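Have a look at these structures, which come just after this line.
Same chain, two partners: subunit A is paired with subunit B first, then with subunit C.
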Partner chain A sequence: MATATTSPAPARPLLGRLLGSAALLFLLAFPAIASDYEVGLLGKFLVFGIFALSLDLIWGFSGVVNFGHAIFFGAGAYAMGILLKALPFAGATYIAALGGVLFPALLALVMGYFLFYGRVSGVFFGVVTLALTGAAHSIIIVNGNLTGGMNGLYGYPPPTLGIPGLWEISWYEANVSYYTAVIGSVGCLALSRWLVKSDFGRALGAIRENEDRAAYLGYDVPQIKLIIFTIACAMAGLSGVLYVPIGFISPDLIGVTMSASVLVWVAVGGRGTLIGAFIGALLVNYLQTLLSDAFVVLWLLLVGLFFILVVLFWPGGIVGLARHEWLRARLRALGLVP
Partner chain B sequence: MEPVVIQLLNGLSIASILIMVSLGLAVIFGMLGIINLAHGEFFMLGAYCVATATAWGLSPWWGIAAAPVVVGLVGMAAQQTIIKPLYRRPLDTLLATWGLSIVLRQVVRLIYGSGQMMAGSLITGSTSLFGFGYPTYRLFIILVTAAIVGLTFLLYFRSDFGLRIRMVIANRSMAGALGVNTQSTDLWAFTIAAAMVGFAGAIMSPLIVINPDMGLTYLSRAFIVVIIGGIGHLYGVIAGGVAIGGAEAALSFYLRPVVAQILVVFIAVVLIRIRPQGLTGGPRG
Partner chain C sequence: MTDAMLDIRNLNKKFGGLAIFSDLNLQVGKGELRCIIGPNGAGKTTLFNLITGRLRSDSGEIRFEDRDICRLPVNEIARLGIGRKFQAPSVFEEMTVWNNLMVAGTGHRRAHRLFSTRTDAGLAARAERVLESVRLTARRDDLAGSLSHGQKQWLEIGIVMLNDPRLVLLDEPTAGMTVSETAETADLIQEVFRDRTAIIIEHDISFVRRLDSRVTVLNRGGVMKEGSFDEIAADAAVRKVYLGEEA
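Coming up: the complex of A and B.
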C-alpha cells in the first residue's frame, strides 16, 4: 500500500485552521455572491464530496477498495424517492431521508457480512463489488414498476423541510438544498475526523497496515471492517439523499461509471486524507463542467489517463503532495535536507 | 427430452465462453497475482477486430486471425507501462488497470462511435446432434474451447515456459535466484493471456452485441469464475466455468437472462462465504 502518510499532520497548524475557517466562510457566503445556477452546482459538488469522503473512510483508512460504492449512493437516492412516493403526508421527507440512510446501511451490513466474514479482502473485494454493481444496476432496470426502470424515478411529491404543518419550505429551493449540502459536508467531515482519530480509527489503521498482525493482536478484523463499511455506506446513502433535491434519480447513479468517478475523485484529492475527498470531487467536477459539454468522450479519456498517472506517480493525490512539500520545506528550513 | 439436450448444450456453450474468457485471467490473476481490470476491454477489442474486418469487407476470419496479435500487443504494452512499475502495489494495479479500461473504452468510442457494430457470421446453419438441431457455430465454439483448454494445459504442464511460470508461482524470489527471468515470464504470461481473451472476443463476436461497454459484464463474470473455481489450480477455471455457466443456463430456462445473471452473482457471493477457497480448494492467495 502506498498510502503511507495517512495520519493527519501531528500539529494542525495555524495555517490549517485559517484555511479551514476561510473555506467555511466562503461556503456560507457563496449564495450571496453567486447565481442560483452556480449555487446549485457547488451544492452538487459538495454532495459528491460527501460521497467521496465516505469512500475515503473505507479505502484510505481500512484499505478496502469498494468498486461498487455507487450502489450505496444510488440506494440512498432511490430509497428516498420511493419512500416519498409511498408516504404522501407532511413530514414524510424526514422519514424518507432516514430511510435513505438506513437502507444503504442495511445493504452494506448484509453485503459486508458475506464478504468480510468470507475473508474476501484486498483485490478480491474490489472485483466482487464490481460484479455486484452490475447486478445492482440490472436490478434497478428490471424492477421498472418500483424504480421507473431506464427512465429513472420521478413523480414523487417534492421533499419539504421545516416543521410539518406549521412552516414548510421546499427542499428544491436552491439555497435550501445548498445549505443542507454544506451542513452535511461539515457534519460528515467532523464525524469522520473524530472517527479516524478515535481508538477505533487506530485499530482500522492497524488492519490497513497489516491485517494478520492486527488479528494476532486480538482484533476482530471482519467485525471492525464490517462496522466501518456500514458507517461509510450509510454516509454514501446520506449523500444520495442530499442529491435527490439537486439531481435526477436515474439508474446511472448506481452504474459502473459513477463508481469509477468516485474512485477518481478520491485518488486525485488524496486518499486517507478526508479533506482530499472534497478537494478531488470539487476539482474534477469543476473541470468537467468547464470542458465536458463539447467533448464528453475525450473528457472521459483524459480522466482515465490522468487517473493512471496519479496512481503511478502521485499516489498521495493533491493533499498528499502538498503535505509532502510542506514537510520538505520545514525540513529544509531546519537544514535537515538539502 | 429435447429441452434437456438443448439446455445441456446451452449450458455447455455458456460454460465454454466463460472458460475461454477466464483461462488467461486464472493464470495471471489467480496464480501470478497480477490484476488486470482491463481484461474485459481486451475481450471487447477482440470483438472489434472482427467487426472492423467485416466493415472493411474482409472475411471475418481475418478478424479472428488478427485479434490475438492486436490484443496481445496491447496487453504487452500495458504490462510494460502500467503493471510492471506497480508490481509491489497490487491495489494500485487494480486502480491503474481500471484507468486503462476507461481509456480503452473511450479510444474505441472515439474511433468507432458509441453505437453497435456488426460482425459477419462465420458459420451458419445448424447441425443435427442426437437427433436435435443445434446451431453449428455454438458447437464450433465448444470445440474451439476444448482445443484451447488442451493447448493451455499442454503449455502450462509440458513446456519449458509453463515450467518457468510454475516456478514463479511457487516461489518468485527462489525462481529468480535459480536464473529464471521473472520479469520476462510475467510479460509473456500477460501477453498470452491478453491474446487469449482477445481471441475469445473475436470468436464470440458474431453472437453478441458489440459496443464499447460490452467488456464490463465479461470482466466481472470472468473474475467470479476464477474466484468461485478456486485460485491456484488451472482446472479451477473449468469447474468455475461449468458451475457458473450451468447455473446461468438453468436459471435462464425459468427466468429472464438478466435476472438469471443477477441471481448468479448473488449465488457466487454466498458461495464465497461458504467456500472461500473455491470449488477446487487450494490455498487462498
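Coming up: the complex of A and C.
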C-alpha cells in the first residue's frame, strides 16, 4: 500500500466554533462594559475554571478521582506568596509565579509516585487524597511563621508584571489580573485539548477503561497516570498563582470544602468535556454570588442538592446534556427519530 | 533446542496446595503455529498468565528469544514482543474501532513519544490494512461496544496485530462463535499470523484440525503429548482424557 488513507480529524462543528469565538470576544470586551467589581468577580471565576479544568484532566480523562485537589491550588498560591515575601527585588513576581507552578508539580510527582506505583486506585485513592487534604491544611496552620497560620498569608510585596525596572504594572490592577486569568484560561484549555487529542490522550482513555488491557499492549500504566497527574496539578498550581492577585491566601484554599467544590463544578459542567469545567465553575460560582446573600445558610444546602440532582439525573453534566439534545435534534432533522 | 523462540523449562506453579504445573517443559520454535489443548483445569490460561507476567512462577525458567522474562512486569513483556488475545473479547468499548487499533499501535512507545497529535502515516496505513483483514472497515468510526460478539473477537485480533508482537498468544479465539465464524476465524488467523509465532489455546477440535498445526496436549501439570493433529487424534491416551466421548 503506497499511501495511507487516513481520515482527517472531524472538523469542529460550526456552532461550536461560533460559540467559542463569541465567548472569547465577550471575555475580551467584558472590562469595557462592566464595573471593576464585576471584572474582578469574573476573573476569579475564570481562575476557578482553570482549577476545575485541571481536575477534569485527571478525573474525566484518566478516571482518577482526586478528593484533595485543593492541595495543589493552595500550594500554588502559598508558594507564590512565600516566594514574593522571600525575594524582595524587581522581577521576583515571575520567579514566584514559576515556583507556584513547579512546587505543586513536584508535590504531585512525589505523592503520585507513591500512590500510582503503590497501585493505590479507585476509592482508596480518593480516601488517601482526602486524608492528605486534612494533613496539608494542618501543615499550613502549624507552620505559622512561614504561612501566616490561621490568619492567612499577607504582607508580601505586591506582585508586578511588565519589564522589571523599566515598565512595571501592578498585578492587583483589576484589568491586569482579569486578563491574566483570561490568557491563562485560553492557554490551559488549548493545552488540555491538545493533550487529550494526542496519542497520549488516547492511551489515557484506554487506561481509564481497562488498565490491565492497556498494560498488555505495553503501556506503563503507573507512569502515564503519574505524568497526567503531575501536569494537572501544575495547572492547579497555576490557577492558585492567578488567584493571588484576586483573592486572599488563607488555609481555606487548601481545605476540604475547596476540594469538594471543585468536584461539584466539574460534575455540574460535565466531566470529561474540558469546557464543561469552565461552564460548571462559572455557573455554580455565579449562582453562589447571586443567592448566597439571600440564602446565607441555605446556600450550601442548595449546592449540595444541585450536585445530587446532577449526579442522579444528568451524569454528563450541562455539556453532556447539550450534546445529547443536539444529537437528538440533528437526528430528528434527518428524520431518523420522531 | 536453543533456537526456540519461547523456551519454558521446569516450570512450577502452585495455587495453595494445588500444583498446576510440575516441571513443565515447552518449546515453541520461531514461525511456528502451535495449538494447546487439554481438559478443563489443565492450566492452559494459567500458562498464558505466566508467560505474560500476570502471574509469577514458583520456580523454573521462561525464556523469550533467549531472555529470561520470569520476573518482568506485564507491560515490559508486551514491549519485548509478546501479544495476547483474551478469551472473553477484551476491547476498549468506549473507544471507536479505529482508536482501538491506533491505541494498540502506540503501546510500545516510550511516554515522551506519545505527545503528538500528528497521525503516524505508517501506523495508519497498517491500521487500514488490518481493518480490512478483520472486515471492520465499515465500522471504523463506531464504538467498539456496539460490535457483535464475533466482531469484537476479530477486533481484538486486529488489536493484537497492530501491537505488532513477534509471539502471539491467542486464548480461545473462537469462543462463542458460530460454526461458520469459527472456520472463517481459523482462516483469518492463518492468514494474518502467517509470519509470526503463535500459540493458540482452543477447545474446538474442528478448529484445531483446520489450523493443521503442531498440537501440545496439557494434562496433570505437564505436557502429555506433542505432535501433529493426526498423531494426537490417534493417541489412545489423549482420546481417553480429552477427546473423551468422541473416541
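Here, the second predicted complex is superposed on the first by the 325 of 338 C-alpha atoms of A that agree within 3 Å, B and C clash if a C-alpha of one lies under 4 Å from a C-alpha of the other, contacts with A are read in each partner's own complex, and residues count from 1 in each chain.
As a working rule, a residue touches a chain if its C-beta (ideal position, glycine included) is under 8 Å from a C-beta of that chain, and two chains touch if they have at least 3 such contacts.
These figures come from a predicted structure and were not determined experimentally.
Contacts of A:Asp220 after superposition: subunit C is touched, whereas subunit B is not reached. Of the two partner chains, neither subunit B nor subunit C is touched by A:Arg17.
Of the two partners, subunit B and subunit C, it is B that touches more residues of subunit A.
When the two structures are aligned on the shared chain, A:Pro315 is found in touch with subunit B, with no touch to subunit C. By the document's definition of touching, of the two partners only subunit B reaches A:Val142; subunit C does not. Contacts of A:Val303 after superposition: subunit B is touched, whereas subunit C is not reached. Once the two complexes are overlaid on the shared chain, A:Val123 sits against subunit B while remaining clear of subunit C.
Shared contact residues on subunit A (touching subunit B in one structure, subunit C in the other): 1. Those residues of subunit C that touch subunit A in the shared complex are 52, 73-75, 78-79, 83-84, 86, 90-95, 98-99, 102-104, 106-109, 111, 114-117, 119, 121-122, 124-125, 128-129, 140-141, 159, 163.
On the side of subunit A, the complex with subunit B involves touching residues 1-2, 63, 65, 67, 111, 113-115, 117-120, 122-124, 126-128, 130-132, 134-135, 138-139, 141-142, 256, 260, 263, 267, 297-298, 300-301, 303-305, 307-308, 311-312, 315.
On subunit A, the positions that touch subunit C within their shared complex are 1, 3-7, 194-195, 197-200, 202-203, 205-206, 209-210, 212-221, 223-224, 227.
Only residues 35, 37, 82, 85-86, 89-96, 98-103, 105-107, 109-110, 114, 216-217, 219-221, 223-224, 227, 256, 258-259, 261-262, 265-266, 268-270, 272-274, 276, 284 of subunit B touch subunit A when the two sit together in their complex.
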